[in-house]
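Below you'll find a set of structures to go through.
In the two assemblies presented below, chain A is common to both, partnered first by chain B and then by chain C.
Now for the complex of A and B:
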């Protein structure tokens, strides 16, 4: 179950070694790039580049497939639905009553699907190669308040625990004859009360204990904090950062300064 | 309180497990071939180190987990043919953590939840709830919200909510964890009473003192199978097997072993018995 909560795969690749701050910024810049590009060919090149990085992240095959299946479904959905709503352009290929399908709309649909594919899968690079701990640390370094960073890492840490508690509560109630497969929405949601109430109570109790544990270790005694492990930019991080900035800057200048259609 | 007690005759095995294997998702082999029979009215303790498969076995018996292979017969019917709710009428399982099931605003409501789910007619439902509350000594707190009670009371509420479904077989998973001496003695007395009503009791525990005192049969589990199955004295006499299963006999039994050179027999199970034996030996000496 934890596999679906934490996508991180332990490995030693240049992506794993990269400063998490650079990774976060790079993913954001690549997402921006997907918005700037309109030409299907360039979008396909970007998608291929992202897929290459996903491949290089050395996530297990089954995990990659699990992640990409979701992206692929979304892309197919867009390709199918886009021409039905975007009716501009000629030649019109087919029309039936109010519905007409034009050729440019089909191409625009495919381009949008590839763009969404880029936007969705670029995040997998970050998720596959960055541990939750590094991710939170990078966000704090980028200016997130430490308290929020801690809250974020605690919720990530306790999510699998919480799922396990819910499972054990469900078991206990089923042993008392609770039928959660019963049909009918009202009856079923009423039955889930028997699971939700103990789950919320147990989550509140955990939070209470946790805050005591934090305070007993002098949490918040000083406003600033030091870290056992510092993240530091290395030359390779600067190179990667410059590379991604260039990847975004060149098409952006071409499109917005020289008004080239890309 | 058990309506079908007379109808139940020739074959008095209430639970019969054959070659039961179970593997968790992710590949942990929790049960590697369990064989055992439990008869009507027995008081059995299932003991074993953490991860020996005790709870997994119990969850298979009540149908929450389905065997990978092998069979489990509960009162002669295979569990794989029955729904969990149908099995709950026969086998009650009191979970380790009471807070994983308490959700109602009063103790009475909480105890009524199970039999209500099983569709008991109103008259029988009231009788069973009353009986369960008396058995677990809850009448004083019957209108209070269960969450506001002490751990001992909460555990008794969760047990009462299982008893109220009137199962012939009751499985208790570590019922005394976190209770003080007095609380656990009261609870065990209540469980003893349920056994004398004719119900089969299965006690899952680490606590060997509890086993020495209450169980009449002990099943030792290790690495997903049954390694010893005997009366308490018989099980405690096999020290090597116990140690291999990460268990140690209770202190009084170990003391009796040390004193066996002085003529103390090895089947002593309680301090009272040891004192009696020692007095007999001294009497003979004089």
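Now for the complex of A and C:
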């Protein structure tokens, strides 16, 4: 199996202690910041800042590399392909028939790749430092209806279970001679139907049982629900929140009010 | 929290359980059938089959919620987190549109094909334009991804339709959900 079931790394850093709502807002604001910045230098500074936070979140090296595996590939792809489709600007470095490569296009390609890198890595600060339970609770606090929050919790809870179910169904069907190693993409995908039908039926049966369990625990008996652990904003959370807002507001004002090229 | 919803406004326990399990299943199938293939997002999978299955079997609301959230969660867990917001919209739209079309009162085969076609087109277009205009990856990378996504819709759509047919056959009580 490729991938992780949960990225959360248990630790006690300031990022772990921060209110999950602040972290969600911070990720959104830092993403916006990546769109506001156009200068390669500032984008690199932002990327360095995000990488510093990822480092401070004490995620293991293998997890960080896994999280960035695809985006590194995409960044290379952007740098290579960008100049081929962006023909504006001088000086032209090389031209072959309809294709011409200019120097500003190469820099724009690199800047765009760094921006995508920022957008990709900023997510993992949240994922590395917030447990799924806190994440759902924060979303409910931010205004998500709690029944949908509950559905989200259920799905996060059952996700590893279903992965294991699919794996054991795959093994059982293989033992009966199902071929999933065939080369062709279409043929191989078609063969997955034999795995998916039992998986879906087993999931629907789980849903049936689960709805009985929910009802027996008086789901919906009260208009609101109570939590054992409440999340509260502490003074340090307000400071962090103000810091992130300032980080977005200052470049935004500089660019849109004072029309500084950043 | 603002005004708390009254009891009658809650979705039923059955629906909560169904949403939860289908979302988890969508994410699990996306991860279990993962093949590194498409250039930008980084992988090919048949998670779309679950989006189409939920939409065709249970309607547009389930399709949109389970498809969108399940696929976005899989994106995050597979290491393409930066794609999650676009996936949420693209796959949600795919489920919504194919769910809406599959409720039209026309011949069943046509209805299913049309549902997959329309839903898939929405998904491919959403990814293409969000990559081109928001993520700004350049035309080349976005076009490469659109080709991969189209193949994914064709494969996922076929499997989703087959799945809907076989599951309804082997688990008939599904209709009362």
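Throughout what follows, the second predicted complex is superposed on the first by the 251 of 262 C-alpha atoms of A that agree within 3 Å, B and C clash if a C-alpha of one lies under 4 Å from a C-alpha of the other, contacts with A are read in each partner's own complex, and residues count from 1 in each chain.
Heads up, the rule we're going with is that a contact is a pair of C-beta atoms (placed from the backbone, for glycine too) under 8 Å apart; a residue touches a chain by one contact, two chains touch by 3 or more.
Keep in mind the model is a prediction, meaning the values are calculated, not measured.
With both structures placed on the common chain, the touch criterion links A:82 to chain C but leaves chain B unconnected. When the shared chain is aligned, chain B comes close enough to touch A:171, but chain C does not. By the document's definition of touching, of the two partners only chain B reaches A:179; chain C does not. Of the two partner chains, chain C is the only one touched by A:73; chain B is not.
In the superposed model, C is the one of chain B and chain C that contacts more residues of chain A.
Once chain A of one complex is fitted onto chain A of the other, the partner contacts of A:197 extend to both chain B and chain C. In the superposed model, A:224 lies in contact with chain C only, and not with chain B.
Applying the stated contact rule after C-alpha superposition, one finds that A:14 touches neither chain B nor chain C.
Looking at the shared chain after the overlay, A:238 reaches neither chain B nor chain C. Shared contact residues of chain A, touching chain B in one structure and chain C in the other: 165, 193, 196-197, 201, 205. By the touch criterion stated above, chain B contacts chain A in their complex at residues 59, 62, 64, 84-85, 88, 92-93, 95, 97, 99-103, 113-115, 117-118, 147, 161-162, 165.
Looking at the complex, you find that chain A touches chain B at residues 165, 168-169, 171-179, 193-194, 196-198, 201-202, 205.
Residues of chain A touching chain C in their complex: 1-7, 35, 66-71, 73-74, 77-78, 81-82, 84-86, 109, 112, 115-116, 119-120, 123-124, 127, 140-141, 143, 145, 147-148, 150-159, 161-163, 165-167, 170, 185-186, 189-190, 192-193, 196-197, 199-201, 203-208, 210-211, 214-215, 219-224.
By the touch criterion stated above, chain C contacts chain A in their complex at residues 1-2, 4-7, 10-14, 16-25, 27-29, 31-35, 37, 39-44, 46, 49-50, 53, 65, 69-70, 73, 76-82, 84, 134-141, 144, 151, 155, 158-159, 162-163, 166-167, 170-171, 174, 177.
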